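Below you'll find a set of structures to go through.
Heads up, the next two complexes both have subunit A, just with different partners, subunit B and then subunit C.
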Partner chain A sequence: MISIILKRVLDSVPTIIIGITLTFLIVHLAPGDPGIRFLDPSQSPEIQQVIQKRFGLNEPLYIQYWNWVKRVLFHFDFGNSFYNGKPSSEVLRSALLPTILLAGCALVFALITGILLGILAAIRSNTFTDRTITIIMMLFFSTPAFWLGIMFLGVFSIQLGWLPSSHLTSLYHDQLNTIGRFTDYIKHLFLPVLTLGLPLAATFFRYIRSGVIEALRSDYILGARARGIGHNKILFRYCLKNSLLPIISLLGVIIPALLSGAVIVEVIFSLPGMGRTMVSAVFGRDYPIILAASILAFFAVVAGNLIADITYSIIDPRIRYQTRKNS
Partner chain B sequence: MKRIVDFICSDKSLYVGSILIGIIIIFSLIGPSLSPYNYSSQNLSEALQSPSVSHPLGTDYYGRDVLARMMHGGQITLGIALLATTIAVLIGMIIGLISAFVGGWLDRILMRLVDIMLGFPKLFIILLVIGMGYSSIGLIILFLAIFSWMEIARIVRSEVLVIKEQLYIKSAEAIGLRRRRIIFIHILPNVMGTIIVSSVLLISTLILIESSISFLGLGVQPPNASWGTILTEGRFDPIGTWWISVFSGIFIIAAIIGFNLIGDGLRNILDPKFTGNS
Partner chain C sequence: MKTTHLIIIVCLVFVLFSCDSKIKNIKQLYSETDTTEIADGGTLVVGVRSEPESLNPLTALSQTSRNIISLIFRRLADLNEDLATFTPQLAKKWSFSSDSMSLIFHLRTDVLWHDNIPFTATDVIYNYQMQINPDVAWDGISYKDNIASVQSPNDSTVIFTFHKKSLSMLMDAVEGYIVPKHILEHDPPEKMHESSFNRHPVGTGPFRFLGWKDQQTVTLIKNSSYYETGKPHLDRIIFKIVPDNLNLLTQLKAGEVDLVEGIYPKDFQGIIKNWDEGKSSVRPVSYVGRRYDFIGWNLIDPDTYQEAIQNEISEIKINEYIKPNKLFGSQKVRCALTMAIDREALTNAVNFGMALTMDGPVPPILAAYNEDANIHWYYDPRQALKLLSEEGWIDSDKDGILDKDGVAFEFEMVTENGNVRWEQVATIIQDQLGKIGIRVTPRLVEPALLYGKMLPSKDFDAVVIGWVVGLTMDLAPLFHSSSFFTPFHFTGYHSLRYDSLDSASKNTLDPKAAQQYYNNIARLLSYELPYTWLYYRLECSAIHGRFKNVKSDKRGMYINLEDWWIPLDERNRIDKLFEG
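Entry: the complex of A and B
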């Protein structure tokens, strides 16, 4: 087992190196000089050069790249933001919590909703219940997150005024007691989590529904029935476990999708997370922040893939035995 | 013509999807010539009118007719998605074929590249690329294509690897047919079905991504409008100017559902083994 994990970790090293290099090149080769952005056009070119020198942008690209890699590897220093001079790692650390909260809650919500509705639709397959759920889920599957978000915002925050429309906490958050703080978080996260989670739940739903339907038709379920095993046990222990497998292998695709979705949702609901930090950094040509955020996102994706592979081999004995035989 | 109609009617998803997409295409292509309004002409005295007889979908902040803008937006949105898909499919097919036929180290490198590209959070990276560069429609199409060919390449490679080993290809090689002929006449037609299904599904993904980028303000720039750009204009007052965001959203959803249904339907027909849902 450990050798499999080690091999997969080693495998992902070139992926990370190439990914980081590509990001660096994209950022630095793109038109639009951050040096110019801080300038009044009427000022002299010398001042522009001073600014470029201060940010280290006047050197050849490969030296900039080498300096940057050296700093990141040996000092864990991603450089300071061009705008407020704070270290990138600090800026991102404060932006990480909202994104993790948002993406994590959305994933849990999507899993629970997708699995429950998927099973319900599968055991009632081709009835009115099944068709209604399937059509609603098809709608959510095709609905862009930004539209859903705007509609939720309009109806629940503006028209009905039930839930706050922006930010992770209220202004008076620090004066609340523990329970108050908790409900404050829930109130602020409810709509964003729904916006991010519903389309994802629809994806899970499709897999679970067809997986359970297929499993219910199979011989081993018939065998289990014949041995007199209870209906619920068959459903949750046998069918569900097998239909969860494709979802675990999907994790590698879901994590990038969640990050992309979080960008949109954070912009709509003004959550101070990674996505919004990234968007404003792109607009402002804040190179260190963009690079640090991309690397973090890239690591999250690689780690997600690793976790998916490992979980998969733990759950599905066939894969475990196969790799053992090969190694 | 009758054969095409029969083919479309043979599957319910395909039928509904084709009708939806047909309506949208006719609406965007023929609509502008029937509409009395131009998509970009402003009329400030009629700004922000809710839907009425003269403006069925209302007007926006500059008094432009939303219906006329939706028709124009349809051309841009669908045009971008279709062109980008075509380029992505071409790149994917070429790389998949090379990977399957050359094999060895080139195959390993190409497949590793596919892994890396799939690992990028797509929207994140397209946002980065377009946000850093100039956002012209041509560049958007190009970047969408560059970040979407991977799945096609994977599918083509794995299908070709299977077909390559089959007896009729072996015998084609044995009688000395040229490789180009084998690829284009004997192998590609057999992979085409799968390619078509995944490219139709890719169209709907690209519509989604393009409207997301335009929604963030980095995509199609005014006075041009894609559905995503129009949606952004209604975003700041979802209640007071509900018609802008609601109608543009409905068009985006209808197009995505339409292409998804067509893709599902084609898959049901081409691959009867697929148990399929919806």
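Entry: the complex of A and C
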């Protein structure tokens, strides 16, 4: 297993290097000057040069790239934000936690909802229940997250006033006791998790439903039934296990997609996080933040695929066997 | 069934009447004159769209940062509403030396920094040193150009000595909030933008910094040691970051935030209506602000400009090297374009009545403003066509587009992508100029590209953008030949007459003579039209009615925040939670 992980990690190194180099070139070659926002019409051109020098933009591109690579590799320094002067690692660290919280909760919610409803629809296949669930899930699948978010905001926050419309905590969060704080988090995360999680749950639902229906009709299930194995055991031990395989391979794609989905949700619900950080960095040409966040995104993709591969090989030993045989 | 209907109708009528009495109560409650005794305490929640980048006056740039800074820090003196006189702050009084070349400030001796260290003259000297240090890149550095030196004979006296006498000596000296030397002296100037002070500021103002939750809130609390005894009245100010405009307005209406600035005029009209009808406790506040929008014409040929840059020619040789723009190089053409645009209709259409049509370069908030000095180009498409035909622009091939020497009168009008108002302006101008045979193509450009490349390299035809004006009269960065090669002088305007008027206005010590120069500048520029000035915007803000003694003017919403207060019976849940 360790050798498989190591091989996968080593395989991903060139991908990360190429990806980061391309990102560096694209952001630096895009027309526009990140220093312009620091200038006032009444300032002299010398100040402009000072700002260029401050950000290291006065050097040729290949020197800028080499300096950046040196800093990252040897000092683990991703540079300071052009916008607020904070170290990029600090900016990303504070932005990453809320995003992981949001994306993690949305993923767990989507998995539970998608799997449970998928199984329910499959065992009640072609009944009213199945059709109703399928139609509702298709609606969520085809609804853009920003629309869903605005609708939830309009109904549950503005019209009904049941849930808060923005931020991760209330203004008076620190004044609350432990239970109050926990409830405060749940209240604030409820709508964003729903917005991000429902379309994802619909995706999982489709795979699980069709997977379970297919499995229920297969010969090995018929054989199991003939041997007198109980319904629940057949469903959860055999059908579901096989139906989960496509979901696992989907996880590699889902994790980066969750991060990009979080961008919209974070803006709508004014949540702190990677999404907002990335958007403002891109618009403000904040090169250090863009590059550091890109490295993180590349790692997320690689890690997502790695996790999927490992989980896959745990659930389906044939894969492990095949990999060993090939190597 | 009929009985049921009757009951429902009776209930509805009852509900409606109940609502009406509630509406009257709201209006009465918040419209009352302040007669009760001022009560201390309470929290103000300000909704802002973006996070401040820094709370250090030497490095901050955004309006959000500046607003917060204005509550934490203090200047030597504050500019009054007339923009000519000053109110003492950290300096209790000042006087000119006998030769009028120096200004002597006598500082207050009862001022403490928020960390309880006394404020002294050494702080003022340190500030000046940092403000003029190019490595710090302070955005107000030009205010200090005329200052020769700053000295302190003792801890409570500071002497500013100037290179030459000018009307703006006091303004030049007091511009800039004072930061603490004892904290910042450990940071090298070139690292000022990375200093931890930027996120943990210590000032002398009425509120002190309490905390900053990334992308969520910045909290200030009352400075109990503030030198103006008995102030501020509010206990706490929370700046809540809400990037989504719809969400921000919703929170304002729901009472989750108390104050929002920069409301879109269309939304602002709704707030006015609801307030007037007594349906809402959110009070609209509007005042003549500091922003205007205009069309900038490219007066020069971009290719010859690039050649001039490559050959590093000086400003004095501009006319020799740089050719005029084939479309906008002629004053008559710019005049015709201005007359072909119905600026009044445009102003009302995009601002919903919350703007004033503008004719010349001097903003109406400045004392130098004189409406009669401007030349007014009234909407007259026929006269515009006549002027264009005099310049040789006629529709010779009958394709509906004016042409001259085989060149069609068509151009791109660039503007900032994402700014809905400017996008609308460009579309309306496209329509209006189309009616006289000029083909305009609006082009939306990303801000970094527009301000970072297209405008500085003068590589555009016409642009629709806006400026935020300072509180002093200085048009040189935009029109003086000495700034011809700087990024913001993008129209390529150069005029010896303008240069001499500008210099004369800055060198005179007679306010009347200065006004005469300003009038001449306004007349010249509104005749030459390097810009077609469109409108001057009114600031649209809204604040919850429970806040009393709120004053606002062209200097902004925060000019007297230390005087704001909330009556005890109007405190809300957040006030009580923090007090409890």
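Throughout what follows, the second predicted complex is superposed on the first by the 323 of 327 C-alpha atoms of A that agree within 3 Å, B and C clash if a C-alpha of one lies under 4 Å from a C-alpha of the other, contacts with A are read in each partner's own complex, and residues count from 1 in each chain.
Following the convention adopted for this analysis, contacts are C-beta pairs under 8 Å (C-beta built on N, C-alpha and C of every residue); 3 or more make two chains touch, one makes a residue touch a chain.
The model shown is predicted, which means the values in this text are computed figures rather than measured ones.
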Inset, instruction - Considering only touches as defined above, state whether A:85 meets subunit B (first), subunit C (second), both or neither. - result: second
Inset, instruction - State whether A:283 touches subunit B only (first), subunit C only (second), both chains, or neither. - result: both
Legend entry - Which of subunit B and subunit C A:56 touches, first, second, both or neither: neither
Inset, instruction - With the two complexes superposed on chain A, say which partner A:147 touches: subunit B (first), subunit C (second), both, or neither. - result: first
Legend entry - Contacts of A:180 with subunit B and subunit C, given as first, second, both or neither: neither
Inset, instruction - Considering only touches as defined above, state whether A:223 meets subunit B (first), subunit C (second), both or neither. - result: neither
Inset, instruction - Return first, second, both or neither, reflecting whether A:206 touches subunit B, subunit C, both chains, or no partner chain. - result: first
Inset, instruction - Would you sort A:260 into first (subunit B), second (subunit C), both or neither based on which partner it touches? - result: first
Inset, instruction - Tell me which partner A:95 touches in the superposition: subunit B (first), subunit C (second), both or neither. - result: second
Legend entry - Intersection of the subunit A residues that touch subunit B with those that touch subunit C: 30-32, 150, 153, 158, 267-268, 283, 285
Inset, instruction - Enumerate the contact residues on subunit C facing subunit A in the complex. - result: 45, 50, 53-54, 59, 61, 134-135, 137, 139-142, 190, 193-195, 198-199, 213-217, 238, 240-244, 246-247, 250-251, 254, 256, 446-449, 451-453, 456, 467, 470, 474, 476-478, 485-489, 574, 577-578, 580
Legend entry - Contacting residues of subunit A [partner subunit C, same complex]: 30-48, 50-51, 54, 80, 83-86, 94-95, 150, 153, 157-158, 161, 164-169, 171-172, 175, 267-273, 276-277, 280, 283-285
Inset, instruction - Can you check the complex and tell me which residues of subunit A touch subunit B? - result: 14-15, 18-19, 22-23, 26-27, 30-32, 134-135, 138-139, 141-147, 150-151, 153-154, 158-159, 206, 209-210, 213-214, 252-253, 256-257, 259-261, 263-264, 267-268, 278-279, 282-283, 285, 290, 294, 297-298, 301-302, 305
Legend entry - Sites on subunit B touched by subunit A in the complex: 112, 115-116, 118-125, 127-129, 131-134, 204, 208, 211-212, 215-216, 218, 231, 234-235, 238-239, 242, 245-246, 249, 252-253, 256-257, 260, 275-278
